[in-house]
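Shared chain: chain A. Partners: chain B in the first complex, chain C in the second.
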Partner chain A sequence: MPRKWRTSAKTILPPLIPFVVLTLTGEWIVRAGIVPSYLLPTPTAVFRAIIDNRAELTRAMLKTSGSAFAGFALSTIIGIGIAVLLSSSRWVQRAFYPYAVFFQTVPIIAIAPLLVIWFGYGMRTVVASAFVVSIFPVIANTLNGILSTDPALRDLFRLYDASQLDTLIKLRFPAALPQILTGLRISSGLAVIGAIVGEFIGGDGIGSVIDVARTQQRVDKVFAAVLMASLLGLLLFGLINLVSTLTLRRWHASEQQP
Partner chain B sequence: MNRRNFLASSFAAAPLCAILNACGKTPAGKLRLALDWKPEPEFGGFYAANYANHGLTVDILPGGSGTPTVQMIGAGSAEFGTVSADELVVARARGNDVVALFAVFQNCPQGIMVHPSPNMNSIGDVFRSGTVAIERGLPYARILEKKYGFDKVKIVPSPGGDISAFLHDPHFAQQCFVTSEPLAAMHAGVATKVFPISDSGYNPYTTVLATSGALLRDHPATARAMVEAVREGWQSYLASPTATNANMHGVNPSMDLATFAEVAEAQKPWIQTADTATNGLGTMTAARWDTLIAQLKDLGDISQPMNAAECFRLL
Partner chain C sequence: MELQCGPAVKSVALQLESVRKTFSNCVVIGDLNLQIDAGEFLAILGPSGCGKSTLLRMIANLAEPDTGRIDADPAAHRTAFVFQDAHLLPWRTVLDNVVLPLELARKNKAESHASAQAILEQVGLGDSASRYPNELSGGMRMRVSLARALVTEPSLLLLDEPFAALDEITRFHLEVRLRDLWQRLGMTVIFVTHSISEAAFLANRALVMTRRGGQIKLDRRIDLPAVRDNGLRSGAALGGEIAILLAAMEEE
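And now, the complex of A and B:
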C-alpha cells in the first residue's frame, strides 16, 4: 500500500469505525422492532430528512453559524480581555473573579425572556445567548494560563527590567496559549448550544427548526437538525485545532507527533 | 413475534428496557399519570380524584413546556398522560398506539391574546400588523397561516406562558391558554382581548386523558377504573375546588391561591357544555374526531385517512 494511503487510513479509520457501528446498530434496533420509530428514527430516516429538507436546513445552518461564530468571537475577545485584567493584580482578581463565575451559572432559559426585551427578537438575542453561555471557560482557562507562567522565566524578565506589558506580550500570553486554546475548545461547543437555546426564544435557525419539528413529532427531522448542530460544533472545534497546530507545533508537546 | 424479532429482542431488550422503561407495563403496582404542564387548575380534577376508592395507586408526574407525554405513553414511561387531540392523531399516524379516554376541555382553550384596540375585532385582525408569538409547528398555527397569511406580521417563538414581552410591547400578540395568560396580564395591570382558536373552525379536544392501546387491551378494568376516578375527580373539583387548589399550590407555589380560584371558575364553561350535560363529563364524539382528522389530513400532518373510532374509547 502506498505510504500516503496508509497514513490517511490511519486518520480516517478510527473515527469511521464507531460511526459505522453506531449507525448499523441504530438501524437494526428500530427495524427489528425493539425501539419504535417514533422514539428513535433510523439513520436512513434521518438521512432522508436531511435530503428532503436540505434547503430549509441549509438556511437554518447559515443563520445559526453566523450567530454562534459571532457569540464565540465576542467570548474570545472579551473573555481574554477580562482574564488579562484579572491577572493584573491579586486584588482585582479577588474583587471581580467571583462575578465572572456568574456567567457560568446563568440559567439561560430563565433570563431568555429578558434577553428578548433587551435585544429584541432575532439575531442579537441569539448572539447574546451564545456569548453568555460560552465566555466563562475562556476567562477561567486564560487566567489560569497567565498565572502559571514558569517562575524562573518571570524572574529572568524581572532581572532584565522588562515592563509589565512586555512581560505580558512576550512571556505570559504565549506561555498561556495552550490553556487559552483549551478554553476556546470548550467554549466553541457551548457557543453552538447557546445559539440554539437562544433561537428557541429569539427565533430562526436550527433552534427554530428543532422546535417546530418537535411540536410536529417529527423525530427524524429533530435528529437531522441536531446532526447539523453537531457538524457546526465540529467545524468550530476543527478551526481551533488548526490554530492550535499552527501556533503550538514548534514548541508545545501537545501538538508534536511522537 | 416472529423468530427474527424474538432473537433480536432477546439480545438487546435487557439494556433497552432499563433505558426506556418499556417492559414494566403491568399496571398492578403504581400507575403514572404524566401531565403536559405544571399543576394548575386545568388539571384540578386529576388532583381531586380519589384513586384509592377505585383500587388504584396513581403517581401524578407534573410536566412543563414540551413534556412529550404522547411519547411517554408509547414508551411505557407513563401508563396515562394528558395530551391534546391533534397530538394524539399525529402520534397514531406515526405508529404510536395511544387512545383517548376522557376529554377535559370540550372546546380548545387555546387562543390569541392581544392588546385591545378598535382595530382588533376578530382573529383575522391579529395578523394585520405587529408581532405575534406562536409555536409555528402547532397545527392551529398553520391553519391560521393558511387562512390569514403571516406575511404582514413578525412571527416569533411562543414564550411559553411568560408575558413580559406582551406587557412591554403594545403591538405584541401571543398564543395563550384563554384562562391563564390573560388573567396574569390583568393582574399586571394590562387589559387584554382574547380570540379563541376555535373561532377559526379548528377545535380539538384539549387536556385529554390518554393511555396506550396495549393497556386498554390487557387491562381494560384498570382503564375503566381510572376514567371513573377522573370523572368523579372533575365533578368534585367543579363543585368545590378550594382544597385541591391548596394541594396543587403546594406543588406549584408560583401560582397564588387567588389565581387558582379565579382560573378554576373561568375554565368551567370550557369543560361543561351541552354535550357533557347529556353524556357526562369528558365525553367525545366520532364526528368531532372526524373533523379533526380531516383538518390534519388537509394540513399534511397525516398522510392517510384514519378511522375516528380507533382514536378514542368511552368507558
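And now, the complex of A and C:
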C-alpha cells in the first residue's frame, strides 16, 4: 500500500470502527425486539427519515446554521473585545469578571422565553440564545491567554517603549492565540446548542423540527434532525481546527507532528 | 524613558548612588554605590538569589530602587537586555524577531530588515533568517536573542545569565563571540552570571556580591589580555583570576 493511503487509513479507520459497531448493534437490538422501535429507531429508519424529509431538513439546517454562525461570530468578536478590556487592569477585572461568569452559569432554557419577549419570534432570538451560551469560553480563554504572556517578553516590550496597542497586537494577542482557539472550539459546539434551544421556543430551524417531530411521536425524525445538528457542530469545529492548523502550524506544539 | 530617540552614543557611563531595594522586608540590594565607566565590560558575580538580577532590572529601568538613584551619562541612550532564556516570539521568523525593536521604534522597514540581516550575519545566522525559533538549537536561539539586542546599536548592553542553560562548548563559542562584538562595537556591557570562570574570561572588571544584604564583596580589575580566545582558557593567567574570585565567593 502506498504510504499516503496507509496514513489516511490510519486516521479514518479508528473512528469508523465504533460507528459501524454501534450502527449494527442499534439495528440488531431493535429488530430483535429488545428495544421497541417507538423508543429507539433503527439506523435504517433514521436514514430513511433523512431521505424522506430532505427538503425540510435542508431548509431547517440552513436556518440553524445561519443563526449558530451569527451567534458564534458575535461571541468571538464581543468575547475577545471583553477579554481585552478585562485584561487592561486588575481593578477592571475584579469589578467585571464576576458578571462575565453570569454567561457561564445562566440556564439558557430558563431565559430563552425572556429572549422571545425581548427579540420576538424568529432569528434574532435564536442568534441571541446562541450568543449567550457561547460567549463565556471565549472570554475566559482569551483572558487567560492574554494574562499568561511571558513576563520577560512584557519587559522586553517595555524596554523598547512599545505602545499599549503594539503590545496588544504584536505580543499579547499572538501569544494568546492558542488559548483563544481553544475557547472558540468549545464555543462552536455551544453556539449550535444555544441556537437549537432558541429554536425550541423562538421557532424555525432544526430546533422546531425536533419539537414538532417529538409531539408527533416521530422518533426517527427526531434522530434525523439531531444527526443534522451534530453535523453542524462538527462543521463549525472543523472550521476552527482548520484556522488553528493554518495559524499555529509553524510555531505551536499543539499543531506539530510529534 | 527616552531610549529610542536619543542621539547615537557608543557607550554610556553609570553612577549608582546608595541604591537600596527590598522585597517584603528582605534587603535585596543594600545601599549600593557603584561607578561604571563608559565602554566597560563588567561582570557581576554572586550566588543565586543575591539580587544580581534585581540590580540589572533597576539599571534597565524595569524596576525602581526604593531609595537612591541611578544616573546615566549621557541620559539619552539605548539600552538592550538579554534574558536567561532567549525569549523569542515563537510566531515570528528569526529575521522578524531581530527586526522587532526597530519595528517598535517605527523605523523604516527596508532599512530595518537590512540591519537585522547584517547583524544576523555577524552572529553567524545569516542563512537562518526565515526559520522559526522552534527549529533552532538552544545556542542558535541565544544568538538570535543577542542579535535582537544588538540591532538597535545599544550603548548599554545588559545580560542576565544569558548562557547558563547552554552546553559548555556552545557557551565557550558564544563567550568569544560576545567579547569580540564588544571590542568592535564598544558599548558598555554588564554581564550577570553565577559562573566564576565565565566572569573571569569575559570581563575587564568583576564584582562579587555578598550572599545576603546586596553588598559588593570584591571589586576587581581582571588582569588578562584584551583579545581573549579559547586558548586562554587553559592558561595560568585565567586560573589565577578564577582563584581570586573563587576565594571571595567562598568567604561567604
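Descriptive notes on the structure:
Just so it is clear, the second predicted complex is superposed on the first by the 258 of 258 C-alpha atoms of A that agree within 3 Å, B and C clash if a C-alpha of one lies under 4 Å from a C-alpha of the other, contacts with A are read in each partner's own complex, and residues count from 1 in each chain.
The working rule: a residue touches a chain if its C-beta (ideal position, glycine included) is under 8 Å from a C-beta of that chain, and two chains touch if they have at least 3 such contacts.
Fair warning: this is a prediction, and the values are worked out from it, not measured in the lab.
Once the complexes are laid over each other on chain A, chain B and chain C both fit without any clash.
In the superposed pair of complexes, A:Tyr121 makes contact with chain B only, with no contact to chain C. After overlaying the two complexes on the shared chain, residue contacts for A:Leu171 are found with chain C alone; chain B is out of touch. In the superposed model, A:Ala152 lies in contact with chain C only, and not with chain B. Legend: residue contacts after superposition of the two complexes on their common chain; A:Trp251 is shown touching chain C, with no touch to chain B. Within the superposed three-chain model, A:Pro36 lies in touch with chain B and out of touch with chain C [touch as defined at top].
Of the two partner chains placed by superposition, only chain B is touched by A:Trp28; chain C is not.
Figure note: vertex chain A, arms to chain B and chain C, all at CA centres after fitting on chain A; angle 150 degrees, rounded to a multiple of 10. Put simply, chain B and chain C get as close as 50 Å, counting only Cα atoms, in the superposed view. In the superposition on the C-alpha atoms of chain A, no part of chain A is touched by chain B in one complex and by chain C in the other. Chain A makes touch with chain C in their complex at residues 150, 152-153, 155-162, 166, 170-171, 174-175, 177, 250-253, 256. The touching residues of chain B, when paired with chain A in their complex, are 4-5, 8-9, 12-13, 16, 20, 66, 68, 70-71, 74-75, 87, 90-91, 94-96, 131, 135-138, 154-157, 159, 162, 164-165, 168, 301. Chain contact summary for the complex, chain C toward chain A: residues 1, 3-4, 57, 60-62, 79-81, 83, 85, 87, 89-91, 100-101, 103-105, 132-134, 152. Those residues of chain A that touch chain B in the shared complex are 28-29, 32-39, 113-114, 116-117, 121, 200-203, 208, 211-217.
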